[in-house]
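These are the structures, in structure tokens.
Here chain A shows up in two complexes: once beside chain B, once beside chain C.
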Partner chain A sequence: MNNSRHRNTFSQLEIRQVKKRNLQSWFLSMPSLIWLTAFFAVPYLIVIIYSLLVSDIYEVKFLFTLGAYREILSGAYFKPFFLSFRLALITTLFCIILGYPVAYLIARSSEKWKNILLVLIIIPFWTNFIIRIFSWRIFLSTNGMLNEALLSMGLINQPLEIIRTDWAVIIVMVYVYLPYMILPLYSVIEKLDFTLLDAAMDLGASERKAFFKVTLPLSREGIFAGSILVFIPALGAYIIPQLMGNQNSLYIGQIITYKIKNIPRNWPVASALSLIMLIIIAVILLTGFSIYQKRKFRRMDEAR
Partner chain B sequence: MKPGSLYRRLNLSAFTLVMIFLYIPILILIIFSFNNSKIVAGWKGFTLKYYLLLFQNEQIKLAFQHTVMIALTSTLVSTILGVLAALGLENKRFKGRKVLRALVYVPLIMPDILMGVSLALLFNFLRVGTGMLTVFIAHVTFCLSYTVIVIQSRLEGFDYSLVEAAMDLGAKPWLIFWKVKFPLMVPGIVAAALLAFTLSIDDFIITFFTSGRGFDTLPIYVEGAIRRGTITTINALSTLMVGFTLLLVITTKRIRKLLLN
Partner chain C sequence: MRRALEEIRIEHLTKSFDGFVAVNDVSLTIKPGELYSFLGPSGCGKTTLLRMIAGFETPLTGRILLGNQDITQLPPYKRQVNTIFQNYSLFPHMTVYENVAFALRIRKLPNPEIDARVREMLQLVKMEDQAAKYPNTISGGQKQRVAIARALINKPKVLLLDEPLAALDLKLRQHMLIELMNIHDAVGITFIYVTHDQSEAMSISDRVAVMNQGNIIQSGPPDDIYERPASIFSAYFIGDTNLIPAEVTSIEEDYVDLKCQAGGQDSFEIDSTFNIKPEVGQKLTVSLRPEKIAVSRTKPTELDDINVIKGVIEDILYLGTHTQYIVKVGNLKFRVFDQHKRVYFDEAALDWEEPVWLFWHDTDSWLIDEVTPAGLDVGEINVFERPIQMSRGGKRIPRSE
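Right after this comes the complex of A and B.
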């Protein structure tokens, strides 16, 4: 009896402490909660509202209509969406192909080398983004260094027209997003149990077979994380296509920016296109994660 | 794996290729900033003329001031908010935790253009004229996710035995915070602030949507200069910016070493 009352008062005290702590957490989190609600969540509500308005060549009129969605459903913006999707896919693939061997090499280096190599990968990214794109323009331009070098070596007779093609866009996209693939891949490969690889090879698997049957499946997690970090931002690319590409193949990021910035403006269509992009991203993330989770569970079942 | 094996050689060549790929643009910038030629092709002799032109250019000076001002203020605010939020998130039973975490993590994977568009429309809706204030708000918004995550990740690996020891010795809670916990949080806070600073000076897209005419930061100025074709001084400017960021990184390392010792 005595004992239980004692426990009761103790838990009362505990409850009060927990409550006090929760109140404290609310106070501490409140500034960030308010800031992110006001400037991250609420703006999307404004985008929804603006997508339902009538466009003016400068701004919007506060009259509600589904005109923007009707315009989009007519199919006029199918091509830029398709191009952006293709660009994001190709960029992700090239990043995997180029990034995997690099991540693997770094992960299997000695501790001292690991740090040096990682810093070497990151240093270029301390340089301003716009300036690096500008530099690629110099390098790839028709009378640029690449063409001069290739011409003087006699490898080509005429300068290559790379700048203002989709290839120029792809090269710079891969350049910019490569570290976002290398770093997650590295952190997964580094934790791999390489004795499994040795075991496979001791059992007579060829180097290639051991890689495709052991190493690659085990680094799936890194490939997945890296692909998300590359693919999704790549979908919304604006400045790289703008500075490296041509006006015949416009990507969705360019269309949205033009409709926001250039006169005649069309904010309702820009808003609706942004929302569609947002929905596509949400669908990709959710299906990606659910497939990933299912695989994980299936593997756990198999292991059992 | 044997050192001379086919795969190792393949990896090494891929690595070399990627290194060349990563460093070509930066080398080009540095070399051509000293080239005595109006167009960026062919070597026409060494000059420092473009560096001198750079310091006479009022627009660049102004853009530089804007960039630094925005970077300093948005770093300060996003770091303070980040510290508070990270401390709030420490409490795992707290009801607002899920919402705050969602608000912190989602902006990280969204394409920048979506944040730019949504903020531009918000400021239009509120009839706030675009300029320094709107750029500041935008920069705090995208920096905040990073500062919260960096500071929080340091708190997770936190050694609570020191805090408990101070409590056992009868120290008051606020004293424990300022004398024991805060000093241990400092390296994380410094790392978060430096990350916010670099993100802020590097941002183009979100600034592009929220700055309006008359408030250029350096990336905005550079993009405009590329579009207008007035690119002679950009190489010099870029080289200085590369130097500046490298300096920043080296000092960071030094500061971190000093703090950890």
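Right after this comes the complex of A and C.
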């Protein structure tokens, strides 16, 4: 608004300078543009093209068709989609329930303890992902440590069949994705003004009510960020269901892999499945953000 | 909204943090409906005392009684006491309306009742038209009002205010101070007001407790503390004063003769009425308020009951409502306030380094039975050679040639 008043007072020199600056900013943004084109746009273009082709035994035939989409929309892949969503949802929920108290505890500890605890949260990342999953297999297996311990304590008479169930998948999913929930939650809770809790209690709220009326709503941003970080990768999970689950409940990540791995290969269906996943995730993210933004703007509008 | 009022009795309250005693054996009684202030320098334990009354800190020893009920161990949410926090602590995720409604929502009152009471409160603090705004979009003064409405809506028996005006600028502070007094009159409940600003405490309070290092030094109505300070600390902290070390030389029926040391061999004699029972030879401190001293280049003629001493003007500070002179008597520096009235003295303005007479009525000095200021760091605040305070704003009169 302010600029428009001054626009016609630009001299030739200034215009030249602005042009030069535009050129500079183009030049400086080149690396990221190249990066995005090479690693995002081109691969997805290939995926889009492949999803429109016809499958052959090993490769594809360059005939354009919507066959892959028709196959998917006929409902043949409803179950893996459903399982994947259920898994992502349960994983996210457990991560919130388990992660929140931990994040809260870290945020309220003394400076020294904060750093120690944060390092402890991050340490698992230093160990190879596959090795950590195999450790869980050993731990949860029929003759594994967990069962032996429970048996020797007399808590159970027969070994629990955890390994190769959906529960085994959920346990390891939660284990792997928990830090992604804790860290954003921590950063939000740490900034929270805890005298607000005093204020709530002063006004008659018990500790529990103060938590639900003040602390929890004020950590919404952390829950939102953590949920995105957990939900989206959990939706496409492949390795954990593959190593911990069973072949009766196949998740979408596994289906996509099988479509490519098993002969005859079906590149078009795998590509189309990936794209549909991408669209679903994009829709979820965009609705999430727009609800969030709307709330923020409403807050600002009402203030006027 | 008046309700049965109850007095607050604080008995031998002590609180320490890791061995550091923040509040030391404090006892006091606050009358129903009173506006009572805790006044003291930063770190003297005012907030800690207030937080114990609110229920956020548990005292080490002692009791707090509200009426006949011992509330010492009650959690904050079970006390009929509400607080206005130092930084207001409004809930940022709620509108002004919801902030004010909070206490009633917790009690799950029916919506129409909540609405009626919130509107009433917002009206009391003149914020009806801001109900839909969020705290981060209103000004400091408005936040203050919301905090007051929020704290009062639950009809507490006592309202605690922790330096409520400290975050506001001077003009707004004076305005809000009057507003707070009006609100106090309107709701009629007991207010406990914490501040480090003596002028604030003086103007708003029914009674003041002067605190230092966790102790209550003196309590009483503001004028009482100002006119009759019980210790050097009170005299120093409330208002400006001259503190003169003195020794009792003789005692008459209604006054004492005092010999005041002015450094080295210098000394001068004054008379004073006495408020403590002095003994001959006793060493004490005389407190003499700057506005009670007259300054003139001519010696007063009427000398009955008047002390007259001779000094030299060392500094002149024009302060609008009055001029402050620093007058040197021996090694002592007297602070003298002279109002700009030309009714009494038909003389030209006093000048730098001019010899002058200081005189005051002997009922205007006040004896304090202390030689060294208890609780005051003498090194930090040299009682007898205090720096000139510019706090009230003023312009130094330049030395004329």
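Descriptive notes on the structure:
By definition in this document, the second predicted complex is superposed on the first by the 265 of 304 C-alpha atoms of A that agree within 3 Å, B and C clash if a C-alpha of one lies under 4 Å from a C-alpha of the other, contacts with A are read in each partner's own complex, and residues count from 1 in each chain.
Following the convention adopted for this analysis, contacts are C-beta pairs under 8 Å (C-beta built on N, C-alpha and C of every residue); 3 or more make two chains touch, one makes a residue touch a chain.
Keep in mind that this is a model prediction, so the values were computed, not measured.
Once chain A of one complex is fitted onto chain A of the other, the partner contacts of A:Lys213 are limited to chain C, with no touch recorded for chain B. Once the two complexes are overlaid on the shared chain, A:Ala200 sits against chain C while remaining clear of chain B.
By the document's definition of touching, of the two partners only chain B reaches A:Ser271; chain C does not. A count of residues in chain A touched by chain B and by chain C gives the higher number to B.
By the touch criterion defined above, A:Ile279 lies against neither chain B nor chain C after alignment on the C-alpha atoms of chain A. Of the two partner chains placed by the overlay, only chain B lies in contact with A:Pro31; chain C stays clear of it. In the overlay built on the shared chain, the residue A:Ile131 is in contact with chain B alone; chain C does not reach it. In the superposition on chain A, contact is made by A:Ile260 with chain B only, not with chain C.
In the superposition on chain A, A:Leu66 makes contact with neither chain B nor chain C. Judged by the document's definition of touching, no chain A residue lies at the interface with chain B and also at the interface with chain C. Those residues of chain C that touch chain A in the complex are listed here as 54-56, 75-77, 81-83, 85, 87, 89-93, 95, 102-103, 105-107, 132-134, 137-138, 150-151, 154. Interface of chain B with chain A (complex): residues 1, 5-8, 10-12, 14-15, 17-19, 21-26, 28-29, 32, 39-42, 81-82, 84-85, 87-91, 93-97, 99-100, 103-104, 106-107, 109-115, 117-122, 124-125, 137-138, 140-141, 144, 148, 198, 201-202, 204-205, 208-209, 218-219, 222-223, 226, 231, 234, 237-238, 241-242, 245-246, 248-249.
Those residues of chain A that touch chain B in the complex are listed here as 18, 21-22, 24-29, 31-33, 35-37, 39-44, 46-47, 49-50, 59, 98-99, 101-102, 104-106, 108, 117, 120-121, 123-124, 126-132, 134-139, 141, 143-145, 148, 175, 178, 197, 207, 211, 228-229, 232-233, 235-239, 243, 253, 256-257, 260-261, 267, 270-271, 274, 277-278, 281, 285.
By the touch criterion given at the top, residues 193, 195-196, 198-206, 209, 213-214, 217-218, 220, 299-300, 302-303 of chain A touch chain C in their complex.
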